[in-house]
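Before anything else, here is the set of structures, which you'll find just below.
What follows is chain A paired twice: with chain B in the first complex and chain C in the second.
Moving on, here comes the complex of A and B:
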């Protein structure tokens, strides 16, 4: 019996390795551990451990260029955010990744200045 | 003497002899005729019996064929639905990735995979469609996919990775065969024990070894398993036993159809069954690098990707890197890539990892620059980063302009 005339999966096929296998059936990590904006980068001197799964290696590659947020990692890796959090949690525990809390919004923008600028603009172009 | 002539008994004897002789001859003739008839009858009976057996066999075959066709069609529908559902679940997982509901979606995904596997197994017994992947897949991914298709998958530990890949047409069959083996392994061993999977390159291809710590099989069971696994006798839906035992029959059919071998006649180091799947070179290929977008950033030194046992070959592979590239015979589509210099022990090109996609500039100069990065990559990278930064600045500026009324 030949197999070449078998119909291919006509519609797009889902990923071969399912996310629950990637996390090995682990429960989701607590929401308080990471937020979408938690910043992640590779550790300076990664430990020599047993070989990592391809998905974990991919995460390390993604974070090699600098700080990436959890949301960005999930987008690039094509994995659900919750799954990425589990992987990042593991890699952080093992010492491969370094996690930094998100920069608080108050430090980024001063609301008062923005309001003044807005008022000024409205006064001028209003 | 004359007294004898006068004896009527003599005359009676003389007259009676021919009569008796005639009678004897006649009856003999009759007997032989009867015998002939009897032989004919016997022959007739034999032909009738033969016809009857043939008819019964034919009816059985027809019934089997009809059953198979019905089941095949039904399974095809179920398989289609399962794969559609899998896709839908994938999309939901993406959409609700940060919600608590993801946990349930992962569980549903697991159940769906088991459901799809059952449908596939029955389809295989009915000479049916298995579904086919478009792309080759790494052996490690196929093993993990198989792991995800059984109920107690967390008990399965994959102890080694591999640089081999499986050709697209064999991805699903190998995954299904492994899943059936793992299902057996988890069913016939204690719930707290581990099922261990090892991948070993051998001269004839690659072996996937599944060891369980179960009760093992006796000689009779081994013989029966060996017969089923050889795939010699065609599978029949009606002779699976009660309760039906799919596993070995399905494996035997697939192994025969796709040309690999499966054996379960050895004992695992843990006392249970050791199942060995031997994949020949025809079903193997090297890993293709997935196409990635143009955004390529600096790569980083990676942790070892081979198991400790492979450290030696890994190290020599790295040292050999500046030497001429691998022989083109093994290269396939990758042959013209000059960077493919590292080869595995099996002579296949080693997967070359590309850098990361990152739109955030490097944290500091202290980030170690990998030795294998050329100055050119760095300049390209720098240009890209400058580009994205200026791009973002300009979009921010313009969007701010629009937002202000």
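Moving on, here comes the complex of A and C:
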């Protein structure tokens, strides 16, 4: 019972093909402005025309209910994080999605965040 | 099964949330990371995958080498809304050295790491601790209690793991919410103390 379903199973994969097709052959490498924690939702005033790409439509549908992090979008959509970053980037450029930029992690900010994390944990579980 | 992705309201963040913070839950295989995250998360834990080249040296252009093997690394994570404006994500991070790309992505912006250890298999935690230290992530040790294992004193464990005197070591039952929350609180207090 000690072996919970640890996730780090490694598949040798030809799976790369699929994400790669989804991003139209774009690089999967992540050096974009998006992190796992970038918060995303649909734009208030999106363009009339929906994207043609079915994967993009899925993401729009997923984001329609409110804010989710990039990591959560990937988890719900069953897509690799790198692919989601690229799709979200495109959808943001096209005006369909709105991204709430993460606060830069300066030390001063960290201090404040730690305080809030501690207070939150104690309020909830203390 | 339908392909509709519209989700329950509870899945989404409150609109007021402005800041997302991240704490890593790390440890060797089957040490209880997924259990811990499941215990603490307000949403059913999610899994993400990262695709990378097998030889994790640097970042290769995969197109250039069509036959190159790729590897998928899966990570479980959960979420805790801690105030109107702050949400905390807990990411379970695999401890294998070869997943360097994942580590770079995971550690960026992480407040700190909770390293889960199994008192029966302490030596398996060394590679994980090396990785956490390599990335300069401050950490606390949570000794996950398994059924039927004798309780080791925290001092014995501290000595066996060769920890710095200031590194916190706590007992933790990853199945228990209060116990798991306490170990996170210990970590956060330690992180605060390092800023002073």
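One rule holds in what follows: the second predicted complex is superposed on the first by the 78 of 126 C-alpha atoms of A that agree within 3 Å, B and C clash if a C-alpha of one lies under 4 Å from a C-alpha of the other, contacts with A are read in each partner's own complex, and residues count from 1 in each chain.
Heads up, the rule we're going with is that a contact is a pair of C-beta atoms (placed from the backbone, for glycine too) under 8 Å apart; a residue touches a chain by one contact, two chains touch by 3 or more.
The structure presented is a predicted model; accordingly, all values stated were derived computationally and were not measured.
S.K.: In the superposed arrangement, which partner chain does A:52 touch: chain B (first), chain C (second), both, or neither?
M.R.: first
S.K.: Between chain B and chain C, whom does A:111 touch in the aligned arrangement: first, second, both, or neither?
M.R.: A:111 sits against chain C, while chain B stays out of touch.
S.K.: When the two structures are overlaid on chain A, which partner does A:37 contact: first (chain B), second (chain C), both, or neither?
M.R.: second
S.K.: Report for A:65: first if it touches chain B alone, second if chain C alone, otherwise both or neither.
M.R.: A:65 sits against chain B and chain C alike.
S.K.: Thinking of the overlay built on chain A, is A:121 touched by chain B (first), by chain C (second), by both, or by neither?
M.R.: Both: A:121 reaches chain B and chain C.
S.K.: Once chain A of both complexes is superposed, is A:81 in touch with chain B (first), chain C (second), both, or neither?
M.R.: Both partners, chain B and chain C.
S.K.: By the touch definition above, which chain A residues appear in both interfaces, chain B in one complex and chain C in the other?
M.R.: On chain A, the overlap between the chain B and chain C contacts is residues 1, 3-4, 6-9, 11-13, 15-16, 19-20, 25, 27-28, 36, 61-62, 64-68, 72, 74, 76, 80-82, 118, 121-122, 125.
S.K.: Which part of chain C faces chain A closely enough to touch in the complex?
M.R.: Residues in contact with chain A: 3-7, 9, 11-15, 17-23, 29-30, 32-35, 38, 43, 46-51, 54, 59, 61-63, 69-77, 79-80, 82-83, 85-89, 91-92, 94-96, 105-106, 108-109, 111, 118, 146-147, 177-178, 181-182, 184-185, 188-189, 191-192, 195.
S.K.: Which of the residues in chain A come into contact with chain C in the complex?
M.R.: For this pair, the touching residues of chain A are 1-13, 15-16, 19-20, 25, 27-30, 35-39, 58, 61-62, 64-69, 71-72, 74-77, 80-82, 100, 102-103, 105, 107, 110-111, 113-126.
S.K.: Within the complex, which stretch of chain A touches chain B?
M.R.: 1, 3-4, 6-9, 11-25, 27-28, 36, 41-42, 44, 46-52, 54, 57, 60-68, 72, 74, 76, 79-84, 96, 118, 121-122, 125
S.K.: Would you tell me which residues of chain B are touching chain A in their complex?
M.R.: Per the stated touch rule, the residues are 83-84, 86-87, 89-90, 93-94, 96-100, 102-103, 105-107, 109-110, 113, 127, 129-134, 137-138, 140-142, 144-145, 147-148, 153-154, 161, 169, 171, 175, 257-258, 297-308, 353-363, 366-368, 404-405.
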